[in-house]
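Each of the two complexes below includes chain A, the first together with chain B, the second together with chain C.
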Partner chain A sequence: MANRDLRTERIQQERKQWRKDHPFGFYARPTKASDGSLDLHNWKAGIPGKPQTKWENATYPVTIAFPEEYPAKPPKIRFPPGFYHPNVYPSGTICLSILNEDQDWRPAISLKQLMLGIQELLDTPNPGSPAQEPAWRAFEKDKVEYEKKVRQQAKQYADKH
Partner chain B sequence: MSDVEGDDPEEEEYDESFEDSYAEDSEFEYEDEEYLDEDNMEKVEVEYTYPTSETKMGTLTHRMKYEPVDVEDVQRSLEEKVKQLDTILQIGTDECRILLMRYNWNDDKLLEDFTNESLDKFFEGSGLSKNSKPVGGWDLIEQKTDESFECHICFSSPSKDQPLAVFRLGNCDHPFCIRCYVKYIQEANANSRLLIPCPEADCGLIIRLSELQQLSDYGWKERERAREEKRKETEKQSRVPLTEEEIRQKYQRDQIEAELSEFSDLEIGEGETGENEEEKKVKVEPKNKADDTDEDPEAKLFNFQERILVQEREERERRRNQTLLSKYWFNVASKYCSKHCKSFKNCPFPDCDSLIMQQGFDSNVVATLEEFTKRQLIPTVQCSHKHEFCYSCLKGDHSPCPCSIAEKWEKKCKDDTETAHWITANTKDCPECSMPIEKNGGCNHMQCRNCNYEFCWVCLKDWACHNNSYFNCTKYVEDIGEAKTAQEKSRKSLERYLFYFRLFDNQRSSLSKDRELLEQFEGKIQEMQKKSSVSWIETLFYRESVDVLLQARRELMWSYAIMYYIDPKCPKQLVEGVQCTLSHQVEKLSRLFADTEVNAVLQQKAKFLNYSNTVKKSRDLLRETYLDCIANGVVKLTRK
Partner chain C sequence: MDCLGAWIAYASKAEFDSTVRYDFTSLLQFTIQVMASSSSSSPAMETLLDTLYTNPTFLKAETKLQLQSLIFGSWGSQFLSYQSEDSDQFARLTILFLEPDITSLAVKLADDSNDDKFDFLLRLTNFPGTPIVEESISNEFIDFWMQFADCFIEDDDRLSTMTKGDKLQNLHSKSRAFFIKVSQIYWSKIHIPQELEGFHDEFRIYRRDVGDLFESIFPIVKFPLYNNLIDNVLTSLNGTVSLSDIEASLYLINAIGSDFTENNIQSDALESVGKILDSDYLQLVTKQMIPNRFQHLVYTTVRFVSTIDWFYKSEKGLQYLPSMLNFLFDTMSMSAYQLISSKAISDICDNCRSSLQGLLPEFKTIIEQMVNDYTVEPLTRERVMNSYASIIQGVKDPSTQGAYLEEVVRLLGKLSFEVIETTDIINSTAASATDGTIRTVDYLTSLLSSLSSLGKGMQLPDSADEIYQPSEIEAVNQYWQQDPLKIHSQILEIINNFSMGNPGLADNLGVTEEIVHIFKSGLTETVGGPFVFNQAVIVQFIVAKFHTLQTTNTYPLLYGLYSSVIKAYHREMDVESVGRTLQIIFIDRISIIQTDPDIIQSVLNLLGTILSTRPSLLVSNIDMLEKVLAFGIDQLRSSERFVLRSLEYFWTKLIYLRRGNREDTVVVRRLFNETKLGYLATFNVLKYLLVTQRSNLEFFTEILKGLVAKYPMLVKGWLTESFREINEERERRGEKRIGGYDVFVKKMMISRGSRAGNEVVKDFWLEVNGLIDY
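After this line comes the complex of A and B, so read on.
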């Protein structure tokens, strides 16, 4: 082994840290590959909507893919395609500055920080950088329609009690 | 060979200025530096696309001014800009460099913001620290032994017996282990990022060049050290069998070395070790000069000068990728060039990495390249490796043909040549309506699909007078010319095109054949140099004649292309006259090359010089004549 694999090393550390301490309501774990082994480079995670917002009582699923160059490059985090949010592309890719290598991504940003950042984004979208038409238009022009759609989506991902 | 040697002093100079510029410069040193650079400036001459500002006939040439440069020249001039800004702002060259990069080197806008905004806000917004500590002898690298420390990137900590080397920026307290830092910067380099922030999440500080230099130097030194140790190890190894302990040590060292190799931006990694590089450098010489008989025969044919160029280019590329710092600097310069693409263009020749810096026009009417080419002038430039190309369309030199015409011609050649050839070879035009017809079988009785005219394929006369003799046209045709007038008209333009195309194509193939011949000759001359005491400089006249010949052929070639577009009403005698003269002299010179044996080259020196001089003169005349004729409207390029 010529070079130690910084990516895998870091991901393992992230996993350890996450297990030790993670914010309430969140989950994040590596996926299983087809042969049943653990795929450290692709994770599944869930982000709860903040209480007292229209996103509450639901946990929104995301996928996290760690590229070869991680942590020099940010992981790619996506909601399911078609996710309703002004800053989420139709493909589900999230438009957030800390997830952008050319903007605010830094190697020292932890998974926990990313997750909290996305949770924050849910109820405080940034209308300055729209990523999809329907949600952005509704958010700007028709708050009633926007809230209705968001509530509807919350129901779809509602927590089972 | 002297080309390579000639480069060395420049390299040294470059390194000096490179180091100096990062050292903290006292006022005195600075003066000194500027003086040195002024000397440098004198060496680089501004070149012109045309030798004189007007032709003998008094036509203005509005010539374009340019300078052949390479990335290192651009780096130097950028560093000049940084220093100039620092004399105004007095905040340190490191800070000025970051500011300039933020403002895309637009110092006017920068100074405006600097004076208008509050200083704190300005600094913070630019990723600089208000009370910046200059990076001097103070070491940013530290061997951490504190076990509670944890690198926030890889989460590793120092242990009791193994300290962890960490790096931090001078103005913040965010240490990370060196390995992570290097990876981070490598990645940023690979993406040509110039403003690289501290890896900590909420820290907006931008890494300064002198900080980067410390990191880069550290990596470089460590790598060299590891190599040296390995070399010693292998020496020892070849003599004595290793003990178990030694094997363990060696394994550890190999691992360290593997890690350290990451410090370089070289993709090639391990194979390219320091010693090898040294050897390679030395080897360059004997390879070209003497006695390696096992050389690849194909390589021998390959032009000698070009081979040197390729070697130099590889050497430069290696140097540019050598360290984090050099790679970073390379990115700075090349990004600058691409951002200012109006005044910098890359040489389009394959394997050439030089640039042309446009420096305006020698004219009081023409100010932009568009205005220049609109006047049917051609911005032919020559890069530092003597490649000639058009600065506007970035194709090989096509003077005296203006860009628009050259483009039209090339398109026409591409579209029409094949078709035209096929049409002339395989079809006849209908004698009635001139539609081209292909006969793909059957008898001689033809009926045109277009006009339903019936005629005989052999004599092209009305079928009615053939009395049903299907396969033989027995009638002797007396006046075939009369019948074909309509056809002639339609074919005339095609013939005209083909006429000039053949001339063009003929020159083109001569050009490539000449080049081939001369490359072989070049090889022979080299052999001669090895055997006798003929110096490189003595055979220089030969190479220069080669260049003259090839260039003249190219110009002649393009002058035929223009001819096709000249309006038939314009008097062509003048241009045809000079064309004829040049063509005659080119053939004479070409013949001299073909007839001269290698051994006799030196005896024929006077003849070579004489002939190539005449060719050069006629070539200039051709160029001037075309320029005059086009500018004064004697010939109009109006034909489609």
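After this line comes the complex of A and C, so read on.
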């Protein structure tokens, strides 16, 4: 019970902080049940590709699930299944050290830092932590093919209007 | 003021770090006075802003009252009338002042004596000027109003406690009326201004945030909010048409409607949407389209058509599908809308395939345009093709399906053949390739991916029994067996044309990927179909590819395809043909394979697939099995994570042999019991486990656990003998011997291959490598 309260309180705090100060082009908000009530523990968010990269002109959707042990444990952030990136598992789960409780996750890490960290990861994949074969293989061996696929994906999530 | 600002920052930190408390009341009251009396109030206002941002508890009750009377008094009103930086600062001050106690503010709405305060906030929100370009106050207030709305949804219990009796009812009805006013302000604010140069992105985000605000308001105002917007569209259509009003309303309708589903929609919302579509709105938008110019109205209308899936899934909405699709077809002729229109078409067709058969002739025209036009985005082409196929799939009669499909397959074949014949596409991936060549290859690849989209769209959306009667299944199977229009052979001809004839395409990764998709689209089908091929045909293709490929780029894709064939058709495959295929695609190329971890990994996955579906295809061919096992042992030295994961898959499938028959089990047991296989596997697993990095430990551990679980009588000897050998090797290299391994062996034996073995292995690995588990 105590854990759950702590989680909700921290999420409320994050929400407030996010509203006050979030990076341009990003969005993050709790999902809604059919009666209009908010599900604070499950959010949807969007991460824009950095300008002047092959990820630009698109906002990539993610879901954020805050586990009961949050902030002791990190939120689970996922792109849609099949998202093309060397560090994203086929299920969409992101392989990033700040999202891993055994690695660099710290309870003090804010939602804003996580979102910016994921945005950074988009254009600077870590080939040392491959999470899916197609994108990793193309990134390592065939950059032209890799970039073509990334641009195609950007069109799928295009947000220019 | 600067000095006070510094003290505030200091005191806030000091209060946080200690029990000391500071009272700034007199200083803050003085600041408020300065702000109110000075002609230049900005520095004092900045100090108050900093205070509220840093620690709002520094403002005691009397200070708050003082500030409140200023904000809502004549001093505050002066900021409403002229535009200046001070007004922005004032709006921020107002928001920061009200935010900490926003629930109390919500309660005040019930009391009519506070109406003027709320009116003031509305007027401030409705600050004159175009948002972003000329004013930023309305933008600042979006989050504030969202928080305010949340109070009525999330803090309902608190509101009930704080408000008694009739007042609560009054509060709810006033809140609905109040948010309607908020929505009216933002409705006018999001109109697209004439001049937006340099602010496009910011304005787009502003509109998106307003959309979020409407989503937040919707649970309070409910459907009247939606219906107001619809009415606004209808009024605009009936009176003097204001396209920008319509666009703004539709934009917000889209924002609110994104959360609607067919289960939570109310009938009056269905009626309302029906009214829009009954009017000549879609024709009006079509008439407004100007070639080569992006128009928000068209874009927003396309979004509207694509987000009302709950509408066209209803009985009422079904009748409007043709007009909606025809509108989308019209927008497809303009490149600016192709991506979003194709997405809308694809969504609609996916959901309503069986109701759209009457539109197939219109689709055919669009398909021909999309396929012939070089400039169409590949994604658009694929989406439309997929939609077309999903409607064709909904036609139950196979000969009608065949007739439509034949035309499009013939067109794809004809075009791709012509382009391949007339273009020099050799070395298209080389750095020296011209832009023209790259574009041609992209176009060709897109034609092929259109074919694979056709295959994907033709997949049955449900199990065959749900879709067809038994007699219909028979008719479908018979039709595709006879294939009177030769669709199978036309598809194979296209594949052949791409993959065998032209060296520039044959080794191209993208081309092979699409061909693999084409074959895979039929593999999971349980009844005959245009993309359902005999397994021998696919295997023949794979073998032919291995004979002709100049590079190894596409090997992993072909191994993946063969794995899928095995999964789908293992029952009708025989040991000899699998052996022959493995000889060509694996054994004959083993020296090349061993040079590339990607290929090793895909081969191991293929072998693991055979062992996990029908092991006898491999186990009964003892010559082949021995070669495979030698390869499997050799690869244990790998440090590549993907290779090790596939190795774990391969070895555990072999050790446990869950799908094996009695004969398979006898063969494998004999190999482990009577040959050196058990020892060699144990020795190599141990040897490389001890030197691997921690993140790879799990793969070796699983194999070791498998050996302990399945061969408990022998594994102790294999382990002990392996440690002896490993220690001798270490001694020869001048390294320290591994001590205490007998304890490890005992612990592993006690674990019996259970999960407890993970800890045993990890602890031993840490000990041998002189590490501590933090």
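Here, the second predicted complex is superposed on the first by the 154 of 161 C-alpha atoms of A that agree within 3 Å, B and C clash if a C-alpha of one lies under 4 Å from a C-alpha of the other, contacts with A are read in each partner's own complex, and residues count from 1 in each chain.
In this text, a residue touches a chain if its C-beta (ideal position, glycine included) is under 8 Å from a C-beta of that chain, and two chains touch if they have at least 3 such contacts.
Nothing here was measured: the structure is a model prediction, and the numbers come from that model.
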Name the contact category of A:67: first (chain B only), second (chain C only), both, or neither. neither
Quick check for you: in the superposed arrangement, does A:145 touch first (chain B), second (chain C), both or neither? second
Check the contacts made with chain A and report whether chain B or chain C touches more of its residues. C
Looking at A:92 after the superposition, I want to know if it touches chain B, chain C, both of them or none. Which is it: first, second, both, neither? neither
In the superposed arrangement, which partner chain does A:10 touch: chain B (first), chain C (second), both, or neither? first
Given the touch rule stated above, what does A:27 touch, chain B (first), chain C (second), both, or neither? second
Of the partners chain B and chain C, which touch A:106 in the superposed model: first, second, both, neither? first
Is A:80 touching anything from chain B or chain C once the two structures are fitted on A? First, second, both or neither. neither
Quick check on the output: what are the common chain A residues between the chain B footprint and the chain C footprint? none
For the chain B and chain A complex, residues of the former touching the latter: 152-155, 174, 176, 179-180, 183-184, 186-188, 191, 193, 197-201, 203, 258-259, 261-262
Would you pull the chain A residues touching chain C in the complex into a rising list? 19-20, 24-25, 27, 29, 32, 34-38, 130, 133, 137-138, 141-142, 144-145, 148, 152, 155-156, 158-161
Can you list the chain C residues touching chain A in their complex? 143, 146-147, 150, 153-154, 201-202, 204-205, 208-209, 212, 215, 218-220, 259, 261, 263-264, 294, 296, 299, 339, 377-379, 429, 442, 509-510, 553, 556, 598, 601, 641-642
Provide the residue numbers of chain A that touch chain B in the complex, in ascending order. 2-4, 6, 9-10, 13, 17, 69, 71-73, 98, 101-102, 106-110, 113
